[in-house]
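In this document, chain identifiers A, B and C correspond to the written order of the chains, with residue numbering beginning at 1 in each.
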Amino acid sequence: MVDWNMTELKHILKAEQFTDIKELDRLFGLADELRAADEKGQVPQSLAGKIVATLFFEPSTRTRLSFEAAALKLGAQVISTENAREALSANKGETLQDTIKIVNGYADIIVLRHYEKGGAEIAAEVSEIPVINAGDGAGEHPTQALGDVYTLQKELGRVAGLKIALVGDLLYGRTVHSLLPILGLYKDVTVYLVSPPQLRFPKEYTKTRIVLKEFDNVEEILPEVDVLYVTRIQKERFASEQEYQNLKGSYVINGENLKKLKKEAIVMHPLPRVDEISSEIDSDPRAAYFRQAQNGLYLRMALLSEILK
Amino acid sequence: MVDWNMTELKHILKAEQFTDIKELDRLFGLADELRAADEKGQVPQSLAGKIVATLFFEPSTRTRLSFEAAALKLGAQVISTENAREALSANKGETLQDTIKIVNGYADIIVLRHYEKGGAEIAAEVSEIPVINAGDGAGEHPTQALGDVYTLQKELGRVAGLKIALVGDLLYGRTVHSLLPILGLYKDVTVYLVSPPQLRFPKEYTKTRIVLKEFDNVEEILPEVDVLYVTRIQKERFASEQEYQNLKGSYVINGENLKKLKKEAIVMHPLPRVDEISSEIDSDPRAAYFRQAQNGLYLRMALLSEILK
Amino acid sequence: MVDWNMTELKHILKAEQFTDIKELDRLFGLADELRAADEKGQVPQSLAGKIVATLFFEPSTRTRLSFEAAALKLGAQVISTENAREALSANKGETLQDTIKIVNGYADIIVLRHYEKGGAEIAAEVSEIPVINAGDGAGEHPTQALGDVYTLQKELGRVAGLKIALVGDLLYGRTVHSLLPILGLYKDVTVYLVSPPQLRFPKEYTKTRIVLKEFDNVEEILPEVDVLYVTRIQKERFASEQEYQNLKGSYVINGENLKKLKKEAIVMHPLPRVDEISSEIDSDPRAAYFRQAQNGLYLRMALLSEILK
């Protein structure tokens, strides 16, 4: 069973809440059903009469639209603030807790994006309606991770036994932090951590039964892996432009790299992508990142309908 | 009967329009019915097919979400602009009148927040659909005042005879300006005006049959009042930081103050709150401000369904 | 028949796609039907279950609200970003193509406002769902042009044979660029191009069977024309404030001008208007610009229902 937090409310705050593969399989199955219904234009309106509040304290158009489309397809209505941090600055210091308590009176569930790590937990502590963490600073982004594992299952038919390379900025990348605990539920997963030395995976996330291997360079692991999960490296993380330029090339996935990748492997990316994956490979069937984005939608539909049922 | 402005259209522009307690009782009764229906998930979809335009020329996320949730719960749809002032600056000077006339072609009712006093009246003059004033500069905020009086009725069972302290910035506080005319409809209301000398209640609002009493300090009136209605004091209103710091303490409501307050009294606040009410009292049953926010939602639902029926 | 672009998808990218008057008449007839249904509160919910994404990379509240109201009236739901350029800047360079591909997974149709000419065509190239160009930089704004021609038909009963003055900034005015190709489908249309020498109509748009006549001044053509289509002249287009002030007067339409205009002529404007039309003429029955805005709504409803049926 999922540990739906400490309370009776079904908050989704972090990936670690999900501790049971059967529960994940059930969620993924529900996502599949909702996808099939959507393709026939027959999504059950199970959230009719419900209001979903998307409170984004920093803009994330992609995540917000994904949740809003998920809610609307299930028949819910949406109230939203695209950039609460700026809009609420007029308040000169209202606490997150107060905002959450007020919105409790208007909505049935809150989807929260906050700029500080731990924001979602603070919200959940005072909320009388469920809170979904849609990203909290450098913390977690659990629905992204769930959608990613759903993508593995859907694209490759299994998660157990996979060899997965996480490539890029592993230090600040919220996405990969949330991914590890869920991968850890499956047997025999090997994760190749490929990053510049400055951007290594944080030690705090390495308590896992997954076999972790560190690499500096992506080239050598290409022939081995089933999944190439690429994240963006930000120029600002480096001491000098020169240092960044020297390293950058090692982490750009292009047509040449793809030749070395297995035929049945896939390339994933949480998006947005800048130039760490060349658009020349978009048409390769192994490029799974846009399918991954759509899987995220159906996974969110499954979560919303589970939580509000 | 309500004076629905000069025209046949049911604009809500200022608190002074409401001149009949029976009409208020009817509204509050309707709000109660809608609340009961909402709790059962059975709100009548009386606004199905209607479009509510929320035009906010300055951000006020709380008020906007309250109106939008109210509209959606009744089956209406919403078109919205979160910060029209900025978005419309691209227009380099379109008049408010033109914006209103254009939106007349798209929506069935306009909820308007404007940054200038009188904005709502200007809008109503040219509008062929109802306009609701959701705050116009330092002017009025009549739906807030209606929700507040509904809260008094709901929490204390009556309005007549109440002793109500208005505490804080009474000079610039739009909320308290709109509250007085409605309180004035009820018998034997006493209002204690508690503010620093710089922020006294404006003379223009004192033409009322309410007994008004001025105080500098909140402590002395605590044991007498039924309602402590707190508003925020802004640092900018003072000549020096020192002056502000000296005064500030007198207007912070904390656990100590609460000990002196009657057991059956309530503490209200239009929100957002910063530090003028200590969060330590949030769990006290007399802290009514979050219930007050939710009452505002149901009052707005009642108004929308009355106006558009 | 309409050339719905090169693909099977019914993109609306530019006015030149519309090549058949019969098709336009059918669209205008559908717009009339939808208007009649709307006035009775009985719009067919033909878009129920559909999601319309309004992606505005620069704010245009008027156009966005028009499309959103059109979608909602037909029963669709809307996901929206009011200012994607700013919101997506956090992405540090995601391409428009990527944004479009991701939204493909969430919505059934995209309404795109982009700040660069050609933005809509770039989007359509990668999109698997229809794209409607809601303005692309100095490029086109085809749904505005369709609404304008619908207005001519509705107000004057015909388009063929009309004498139409386009007044103001003809060089940068996207609206008039999109209008010409559609007017060119009708017989015996004469267009009077009235602009300062600096802001002449671009040569590239003059390949048309319409008789085009250039004028510097609006006064002389007033008694001749059936339609005065006014656009805004921006101060920034002039070398000096003095030059602007000298010219400005010739292009302001006021009560004096209207005396010279035919009784059955109309004044149009794509809005927003600043001071190029004096508000003193708003109450003149020939002032058609607010009716024109509402016609745009019904025309957009007709387009959405055609494309998504």
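Keep this in mind: a contact is a pair of C-beta atoms (placed from the backbone, for glycine too) under 8 Å apart; a residue touches a chain by one contact, two chains touch by 3 or more.
Keep in mind that what you see is a predicted model, and the values were worked out from it rather than measured.
Fitting chain B to chain C on Cα positions gives a rotation angle of 120°, stated in steps of 5.
Counting every residue number used by either copy at the chain A-chain C contact, under half are found in both chains.
Note: centroid distance chain A to chain C, computed from Cα atoms, is 40 Å.
In chain B, 82 are the positions where the chain touches two or more neighbouring chains simultaneously.
Within the complex, the chain B residues that touch chain C are 49, 51, 53, 77, 79, 81-82, 84, 86-88, 90-95, 97-99, 101-107. Those residues of chain A lying in contact with chain C across their complex are 41, 43, 58-62, 65-66, 68-69, 72-73, 82-83, 234, 271-275, 279, 290, 293-294, 297.
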